[in-house]
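Next, two complexes with chain A in common: one pairs it with chain B, the other with chain C.
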Partner chain A sequence: MELIWQGIKSAFILIFSGNKEILGIILLTLKVSGIAVIISMAFGIPIGLLIGLNNFKSKRFVITIINTGMGLPPVAAGLFVSLMLWRSGPLGIIGIMYTPTAMIIAQVLIASPIIAGVTLAAVQQVNPKLKLQALSLGANRVQVLWILLKEAKLPALAAIMAGFGGVISEVGAVMMVGGNIKGQTRVLTTATVQNVRMGNFDVAIALVIILLILAFIVNIFLTLIQQRENMTWYQRFWK
Partner chain B sequence: MVSKILEIIGLEKKYNSGFYLKVDHLVTEENRILVLIGPNGSGKSTLIRIINLLESPDSGSIYFNDKLITGNGVDKIMLRKEMSTVFQEPLLFNMSVYNNILMGLEFRGKKISGSKEIFDYLIDKLKIKNLLKRNPRSLSGGEQQRVALARALILEPKLLLLDEPLANIDQLSREELRNDLFDILRATGRSTIYVTHDRNEAMIIADFLAVINEGRIEQFGLKDEVFRKPASEFIAKFVGVETLVEGIVTECKDNVCRIKIDGSKNDIFAVSASSGQGTKVTVAIRPEDVILYNIEMNPGASSAMNSFMGEITEIQDLGIFKKVEMDCGFKLISFVTQNSIERLGLEPGKKVLSSIKASSVHILAGRALNADR
Partner chain C sequence: MRNFKKAIAVIIITALAIIGCMAATACTKDAELILASTTSTQDSGLFDELIPAFEKATGYKVKVIAVGSGEAIKLGEKGEADVLLVHSRKAEGQFVADGYGINRKDVMHNDFIIVGPGSDPAKIKDMESAAEAFKAIADSGSIFLSRADDSGTHKKELSIWETAQVKPAGDWYIETGQGMGETLQIAQEKLGYTLTDNATWFATKSSPGSSLVELVKGDKTLYNPYGVIAVNPGKHPDLKINYKGATAFIDFITGVQGQKIIKEFGVAKYGQPLFYPDVIK
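Here is the complex of A and B:
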């Protein structure tokens, strides 16, 4: 118990001392996970929309694939990216193994199916008659997609939250393809693992607290956007 | 000269469920209101979706402004922009009422400035001026449908399609919205196809009436013609005929036929130019055409050819009217007001005299139509 209490105390000292190494780790974590989520949104949202709003023969099969992807073990994504980017691998020539770029690619593989899957579920919840209504008002195909995405924007934000939560907390894949190189590819999760291995529990606790705070800030921001419909600021904050 | 805005010829559409829509011929004239009336599941909404090009027919032709709009190579989006539809559900989007109203204009790349006059007129007539900033989710069903109507009407479509717009609204709001909507339709003179299963709505607003049942148009014509001269028993019942009796034509002279009613000593006189002697017919009488007299008050002579003595068997309250059911050797039904009930002292068991003009008795030609199907 003493160990935990001491760890928490040291964590707060570390957080508020403005440690440059910790700051660097935080910024890299936000950069890698932020870019990965943005790229995943660019893939996942249109894919989710197209599958959700159209009927085709193998729709169930495609949805099953996406649902499987949502549960993709991060180590599998890490292994796949490692195999691709390894020096002797198909994409080894570009030389990005053990770089933040490789970590972003691995995180995109993890987050895209999550965002596609949740978006798909979100648009399927939208009243299908709204599509008919939009068409009857003279909307073209793009306008129909846009208006239905706007209808599904609240659950679609949940997709982004789920995607961000999936990648910021992930350790296996980024460890594999990033290598946890100090000052280059070390992020909050990999740094936590390393410090636990070294017995530096105070640092590990500090890193986890920071990770939780980051996740909380990002999610509170997305939640506020999601819940702002028909609510006052006061209601938004306290609901 | 009145021109056609829409003409449907030989349209057919089959569904896997077994439902089969078949419209041989249907026409809508410009600036007129065609009411499509029929029971639930008769194909009214399906026909609206096909007219709005949201579904394609298997065969047949639809002409819109004399241009064929069915088949390949048709720019459906452009054509839909000439129409606008209000469905049974308001189907509003998750944005302010103001933005919802402007949605169709936005799809057309138009700005509110070009439609300011009609916008102001509609929000005033539909009483939604104070709702513009609200989200539709916070509105009642009636208010939502008012917004949906404004969204369709602001587009000033060449053809307005209203698919049971009042069906999902509570009674009180429905009557108020009905009056507002019908005022707008009369004032704007917009070409409209109005779908309903409510004959009162049809009676108030229709210029033309098409009765649809089980995917077929059973009768199409001017409203009065369909109401006064229904082509079949089904249509007669649907348009509010309460008395249907069978009999045989025994005599026809000067376009007035005498019909011997089955199982009764009474004869009915009906104006008819086409019924032959000895023909088995069904006679239809609208309840509002049956006039009742208190026999103790000496009604005196009348020009009505049909007079029947009968005994009141039941009086039902229908709100505005009371439905008086009598046994005159056949079941005869009359609608009267509460005032008449009190003035004549009508009650079950009381003997009354009823009279009906021969011109108000319609001989159905519908049995042959039914047999054809």
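Here is the complex of A and C:
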């Protein structure tokens, strides 16, 4: 118990003392996971929509694959990306092993199936008559997609939060492809592991608390968007 | 509508641009150096002093991959690292003999020690021979934690078992497969014995809840030398191995400045040095 309390104290000291190293770690964590989630959205949402809204023969098989992908162990993604990015690997010539870019790539592999899977489940439960109604009112294909996405806004944002939560908390992939290099590829999760290894439990707990606060802030923001209904601006403000 | 498609396009293009520009800056490859090393040098904090000094003196940017001597040597064999700093003498010798490494130099040393619970069920305290202590542990069936990860520490532990003519197996022999810091923690929780290097021991023993004590030290077989080796670029002509950077690192770490940093490291914090320089004492 004492340890946890010490951890909480250390967390506040670390944040408010403006410790440069910790600040750098926090910013890198946000940068890597943030960019990864944005790219994953660009892949995952269209794929989720495409599969959810169209009917084709192997639809159930494809959905199973995506759902399995949601359970992809992060360390497996890390291993795969390493095999690609090692000097001896097919993409080794680009030389981005042990860089934040490699970490982003690995996290995209982890988050994309999550976002795609939740999106396609979300969009499938939208009232099918809505699609027909939109089409009958003269909407083109993309407009139909947009309307359906807006209907499925709740679960779609849940998909993004799930994707973000999945990657900001993972350690195996970024450890492998990033190398946990101080000042270059160390993020909150790998820094926690490092401090546990060194026996600095209070710092480790502090880092975990910071990570949770970060995730909380991001999720507040996304949840506000998710829960916002159609109101006038001042109704929104006072809600 | 079109805005939706445009947005997606913008996102993808931005992402590719970011990746492209990051890869481009990574193309100043000559200034980057990949150092594969052990967890003991990283966990003790030595690199936190040595690396910035080296980077300042030479302008190279070092990526320290702390994995354990076995994996470090494997990375060297594959050409995925430029220089190694490890403590696994026999494996180092093999590495050089096989042509994977060149310009191997002694850097520093410290000692291994056997630590364990204060109650010392195997009664090994102050024994002079590490092998005898190991035999006592095996005979009494006391819990022993092994790194089991091909690291320098693990290799040393196996060689001691060999000297003691004991094949460690059974419920009492626990293989953690992890680094020294983690293994020490598990040893603490399970009240078991383990072999550890002095540096990691010092750096972690002041952590809360630490109840392990030093039991056996001083035996000559517990000598723990570290060596630095440059990866031979000739073995992988198609990979961009930074031999120049490796040489600069070897020169630094065996030179006046590097050896001084090693000599003074830890003295202020722990009251004694954690590593002893071998080139300039």
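Assume the second predicted complex is superposed on the first by the 228 of 239 C-alpha atoms of A that agree within 3 Å, B and C clash if a C-alpha of one lies under 4 Å from a C-alpha of the other, contacts with A are read in each partner's own complex, and residues count from 1 in each chain.
What we mean here is this: a contact is a pair of C-beta atoms (placed from the backbone, for glycine too) under 8 Å apart; a residue touches a chain by one contact, two chains touch by 3 or more.
Predicted model, so just to flag it, every value in this text is computed and none were measured.
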Would you mind checking whether chain B and chain C clash or fit side by side on chain A after the superposition? fit
More chain A residues in contact [chain B versus chain C]: C
For A:3, using the defined touch cut-off, is the partner it touches chain B, chain C, both, or neither? Pick first, second, both or neither. second
Quick one: is A:58 in contact with chain B, with chain C, with both, or with neither? Answer first, second, both or neither. neither
For the superposed three-chain arrangement, angle chain B-chain A-chain C (C-alpha centres, nearest 10 degrees) equals 160
What is the contact status of A:151 with respect to chain B (first) and chain C (second): first, second, both, or neither? first
Contact-wise, after the overlay, does A:143 reach chain B, chain C, both or neither (first, second, both, neither)? both
After lining up the shared chain so the two structures overlap, which partner does A:39 touch, if you call chain B first and chain C second: first, second, both or neither? second
A:86 in the overlay: touching chain B, chain C, both, or neither? Say first, second, both or neither. second
Determine, under the contact definition given at the top, whether A:127 touches first (chain B), second (chain C), both, or neither. first
Can you report the least C-alpha distance between chain B and chain C in the superposed arrangement, rounded to whole Å? 9
Quick check on my understanding: which residues of chain A belong to both its chain B contact set and its chain C contact set? 140, 143
Would you pull the chain A residues touching chain C in the complex into a rising list? 2-3, 35, 38-39, 41-42, 46, 86-88, 92, 94-101, 104-105, 140, 142-143, 145-146, 179-182, 184, 194, 196-201
Would you pull the chain A residues touching chain B in the complex into a rising list? 127, 129-130, 132-140, 143, 147, 150-151, 153, 229-230
Can you check the complex and tell me which residues of chain C touch chain A? 1-2, 4-5, 8, 11-12, 15, 18-19, 22-23, 26-27, 29, 34, 39, 42-43, 45, 47-48, 51, 63-66, 78-80, 179-182, 184-185, 203-208, 210, 236, 239-241
Which residues of chain B touch chain A in the complex? 49, 52, 54, 77, 80-81, 83-85, 87, 89, 91, 93-95, 103-104, 107-108, 135, 137-138, 151-152, 155, 161
